[in-house]
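My questions will all concern the structure given below.
The chains carry the letters A, B, C, D, E and F, assigned in the order they are written, with residues numbered from 1 in each.
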Amino acid sequence: MRPSHRQPSQLRPVRITRHYTRHAEGSVLVEFGDTKVICTASVEESVPPFLKGKGQGWVTAEYGMLPRSTNSRMRREAAQGKQSGRTQEIQRLIGRSLRAVVDLQRLGERQIVIDCDVIQADGGTRTASITGAFVALCDAVNGLLAAGKLNANPIRDHIAAISVGVYRGQTVLDLDYVEDSDCDTDMNVVMTGAGRFVEIQGTAEGEAFSRDEMNALLDLAEAGIAQLISLQKQALAD
Amino acid sequence: MRPSHRQPSQLRPVRITRHYTRHAEGSVLVEFGDTKVICTASVEESVPPFLKGKGQGWVTAEYGMLPRSTNSRMRREAAQGKQSGRTQEIQRLIGRSLRAVVDLQRLGERQIVIDCDVIQADGGTRTASITGAFVALCDAVNGLLAAGKLNANPIRDHIAAISVGVYRGQTVLDLDYVEDSDCDTDMNVVMTGAGRFVEIQGTAEGEAFSRDEMNALLDLAEAGIAQLISLQKQALAD
Amino acid sequence: MRPSHRQPSQLRPVRITRHYTRHAEGSVLVEFGDTKVICTASVEESVPPFLKGKGQGWVTAEYGMLPRSTNSRMRREAAQGKQSGRTQEIQRLIGRSLRAVVDLQRLGERQIVIDCDVIQADGGTRTASITGAFVALCDAVNGLLAAGKLNANPIRDHIAAISVGVYRGQTVLDLDYVEDSDCDTDMNVVMTGAGRFVEIQGTAEGEAFSRDEMNALLDLAEAGIAQLISLQKQALAD
Amino acid sequence: MRPSHRQPSQLRPVRITRHYTRHAEGSVLVEFGDTKVICTASVEESVPPFLKGKGQGWVTAEYGMLPRSTNSRMRREAAQGKQSGRTQEIQRLIGRSLRAVVDLQRLGERQIVIDCDVIQADGGTRTASITGAFVALCDAVNGLLAAGKLNANPIRDHIAAISVGVYRGQTVLDLDYVEDSDCDTDMNVVMTGAGRFVEIQGTAEGEAFSRDEMNALLDLAEAGIAQLISLQKQALAD
Amino acid sequence: MRPSHRQPSQLRPVRITRHYTRHAEGSVLVEFGDTKVICTASVEESVPPFLKGKGQGWVTAEYGMLPRSTNSRMRREAAQGKQSGRTQEIQRLIGRSLRAVVDLQRLGERQIVIDCDVIQADGGTRTASITGAFVALCDAVNGLLAAGKLNANPIRDHIAAISVGVYRGQTVLDLDYVEDSDCDTDMNVVMTGAGRFVEIQGTAEGEAFSRDEMNALLDLAEAGIAQLISLQKQALAD
Amino acid sequence: MRPSHRQPSQLRPVRITRHYTRHAEGSVLVEFGDTKVICTASVEESVPPFLKGKGQGWVTAEYGMLPRSTNSRMRREAAQGKQSGRTQEIQRLIGRSLRAVVDLQRLGERQIVIDCDVIQADGGTRTASITGAFVALCDAVNGLLAAGKLNANPIRDHIAAISVGVYRGQTVLDLDYVEDSDCDTDMNVVMTGAGRFVEIQGTAEGEAFSRDEMNALLDLAEAGIAQLISLQKQALAD
């Protein structure tokens, strides 16, 4: 039995609120249960130095947690003077995941910067971030299309992410913090609307996992991501 | 005429939402119009090294802005590896202001850390932070009282803050971003419930100001802070 | 009674020594009693990136204290790898204060960098810095005028600063370290030769202060700054 | 056809040289073709602060590349003042992988620090690092056993790692730099001697990958890791 | 002919002013011509961690230059966030030189920190620093003796330093900035009162130097340092 | 008697292995007994900003030690976020030494970056680095000559370095770690093929040294460096 009384294949309640803050070209509050992340997309009419003059754009991401988004207060990274290895891993993952569905040539020489800031954490912040960031990215791109700055949509497919894991011998979908702290395997899966994989990051926190467990986890993830993409579509249709 | 069509002595709509996030001992969303700040109070059962064994507590604050809380994206301080001078000034101001109404002896050897994170900025983030942080601090202290960890309330009075300024020759209360960017004088005033001053920080951005303007600004601030303290009391009474 | 036996409205002996070191375009040793600060003005024929091509100049300041300028040795900021929040606050204040009396358009596309380095501290280092820096700035500008690099003087008025405070219930002018460490209110006031305010930064270190005390403090500051400006004029006339 | 003319399921020549340098308790040069990494294991009779007094040990890893281990010179991380996100990701992966096969209770309150320093890079540095680091770890642990500092071997199983990928439509084992720079999918797999998974990190650099490709990649990895573990056993038997 | 019209073996006018600032246990302004350095000695009743409980003391040094001590303004190291390699070399040299004449056992478990801050630079700042720092160190140690905190003087001998060089084919003593910028060889020599060497650091900036030149340079240095030690003795006798 | 049973004037076995790694334009493993350093030379077709457009090239060096190159593990400088003062001193010394024999005009507007990375340390890493770096530099320059990018060889002479010291009252050549840790004087000498001095850095770690000892040390160094230069020539002739 899961602490939250969910079924093994059951997502937490997912909510995607667009236009959450006022200034960004795309601004989404994404909630996976008690995990809440503000995802903004900022359009900049320039590219990083390594892309200057190459006729293509860029999508990148930064991630942060408010110090008291967690159960006990974390030190503020700005005050410590550096981002942790975990933060860097997550923001690199978000950026790669989004770029996988963007035609950077078609985006033109501009950059879209995604900021994912966790205001409340209860497990799965990186998968919620990817799922919400995609919607913010769509809003920013739609703004460019509406303004005539883009002729064709550079977004080729949906992208969403979910965690799966082995919790007390059971494969489960969308682990919350209590499960995540006590599971044997934790896997984050990023997939496209077409059902193909963009990232798989599985870690045995306790017991190593078998090939059969691997397969069961991917089955759960595929079904969960299909639901998330459906929720993204609803949010974007509103 | 003010861009927002407010009267010179009129605050923006102010909202104070308690229990905004789940983990912190005090958690408040404070809104001054379009300025929105999450203020959390975290209780730590230890004190900074310079206070070890002195039989008193400490209240300190940290401040941050989400990169896209502003009209154009700011660089993330955690990624830059340091907090700006402005950030440090503001968080020092918040900490000093709150300590002015706390009996640190009575607090005992524990620390309350206030985090003020701006999720949307439209001027006046530091004054909104102080005003909201006080309510979060009250919630944290009330929790300690309810848990029997404190015998007597160390909070001696209310504290709130507002900005005043000279905008196009007119003294005005609670400047929003448009006014702030184009004013001659900007002054932040922090006052207690008893109507005494804790901090006054006035800067002539354009023309230097006269003693008469100074007096008119303080009149506005006194009236505005009285309203804010009344709103704090309502919020705490809910 | 003040520890120094001064009258409440009495400045410490103030000395302004021009041409103190050899290399800088302006170099002043300013002494407020035992507080001694070397203020240099360096002319650079370029502007910071955010002003490139805008046809205006810039004046900025940096502040530092020798590690043993104080009673007990402070850690060297260069060795610690960062400037403290206090240092940044002070150098921002010095820069803003000087810019308030400079016509940046008339200065042309060049920058004047003011360095204020405290070699001995006894309270009031920031107000001594502003008062001395103005004289160094004048010397640097006069050099540019003499060299024909400027057609008209961009300095529009004098600027000077003093601290005032409430010490043991008495409002006093120009606090030294002993008073500063034990006062209820400490206020730094920056004014022009025309008697207008550029900065007011008042902090209740102990008891919050009343509107009447505020007025008494400003009266003291106005009289003190008038004396400082007179001393600046004498120094520049020599 | 692979640029190196290898079969799709063929490893590069792998060499594991023990006792490569003199000072470390374990010191291994591991070579996967032209990729060469020095892996040392250092025993420290203390644990990190978060484990003090908990009666268990710790295994951690750091990773670095010599600036000219690569085709064009990289900036030295020590000179830049920080480790890149990539470096941190890799060293966290190495540490987690090794801990997965170590009984930390049995290790006692001591730490083994693994340093993996790439002296020549040609793709697959992280998988070579894990594979070589395991042997260095064994040598360090065997030294502790021989010295009577450990009663029982805390190492529970072998661990090794290999990369697999989709290169020009073909699933291949152990990508070298030329393949890695031009592949659609790159996956690093870490497995135990018992054939269970400890880490799977797959990234679609170009086209997203299907479930079938995923399965083919894992088949290749399982076979490759079995060979690596056999090579580790030979090296340790010498 | 030297630009300063000095003889090859002639020092610049050297002045040693004790009790230059008020707070430090030793405070000296040392002047070698236009080179002016404030040297303070601060006594701390603790030792660095690596010496805790070893029954001995420590002497260490830090060095800095005011940004406009030089002909063109240097960036402030505190603002840059690190000390340059040159700064670190010099402060390590000063510390080693002083420790060479101090009996650290006899000093007891306390540390004396020397700060050498250049307020005006004209070549030879490191040798002036060592020469002046020794006098500040003596004053601090004499204070400890007078206060009964030391039973016996831990200072075993004088120490002083001078630069010598090959300038336009001529070996010269005590190079000023103009000579230093244009010399072939620059050598800093640190010697004891007994005429023995503590440090020799010679660098061929242009032409490499011969063994004969080396000997001529050491002859000059020996004579120069004898004069400096005599001046130290006079200053300490005042 | 030396711990290694060497004669006072005897070098450790010195080996210079060219083409040690694959990517760099020059790559040398230099061994002085158990001290082993990888020296690479990287050609970059640009110069540092301070040399832009001046028609000359630059040679610079960086130095590092693998964390476990030493007897007890050192902290990794990249993880600490800065290079130690010792590291900076050494890399500045290596760069200066090499530039002393390079005609920078003749090198053209390009930079050669030398990386010296110690993989095993047993004393004398800086002198081994200089001696090996020179050979790597020759290989890089010879590559430029062979490719027609240089018309004439900018290398004017050989350069090599050795340490000498006073160990238990005896002057000795090429100190190993055991001697270095327990000697009174340690001196590093850098000389050209023509037998002239480029750098002399002598430090009295214990007793200060006399002029006679100085002379004896330089005699030893001259003879040792002549042998090293002969070994460089053999290596380059292979």
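By definition in this document, a contact is a pair of C-beta atoms (placed from the backbone, for glycine too) under 8 Å apart; a residue touches a chain by one contact, two chains touch by 3 or more.
The shown structure was predicted, so the numbers you read here are calculated from the model rather than taken from an experiment.
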item: Shortest contact path, chain A to chain E, counted in steps; value: 3
item: Chain separated most widely from chain E, comparing mean CA positions; value: A
item: Chain whose Cα centroid lies at the greatest distance from that of chain B; value: F
item: Chain A-chain F separation of Cα centroids, rounded to whole Å; value: 50
item: Geometric centre distance via CA averages, chain D-chain C, whole Å; value: 59
item: Whole-Å separation of chain centres (CA-atom averages), chain A against chain D; value: 28
item: Multi-chain contact sites of chain B, meaning residues that touch two or more partners; value: 81-82
item: Order of the ring members, counted from chain D so that chain F is second; value: D, F, E, C, B, A
item: Parts of chain A lying in touch with chain B, wherever the complex brings them together; value: 21-24, 27, 34, 36, 38, 40, 42, 44, 62, 64, 66-71, 73, 76-83, 87, 113, 115, 117, 119-121
item: Footprint of chain F on chain E - complex, ascending; value: 82, 85-86, 88-89, 91-92, 96, 100, 187, 191-192, 194, 196-204, 207-211, 214, 218, 222
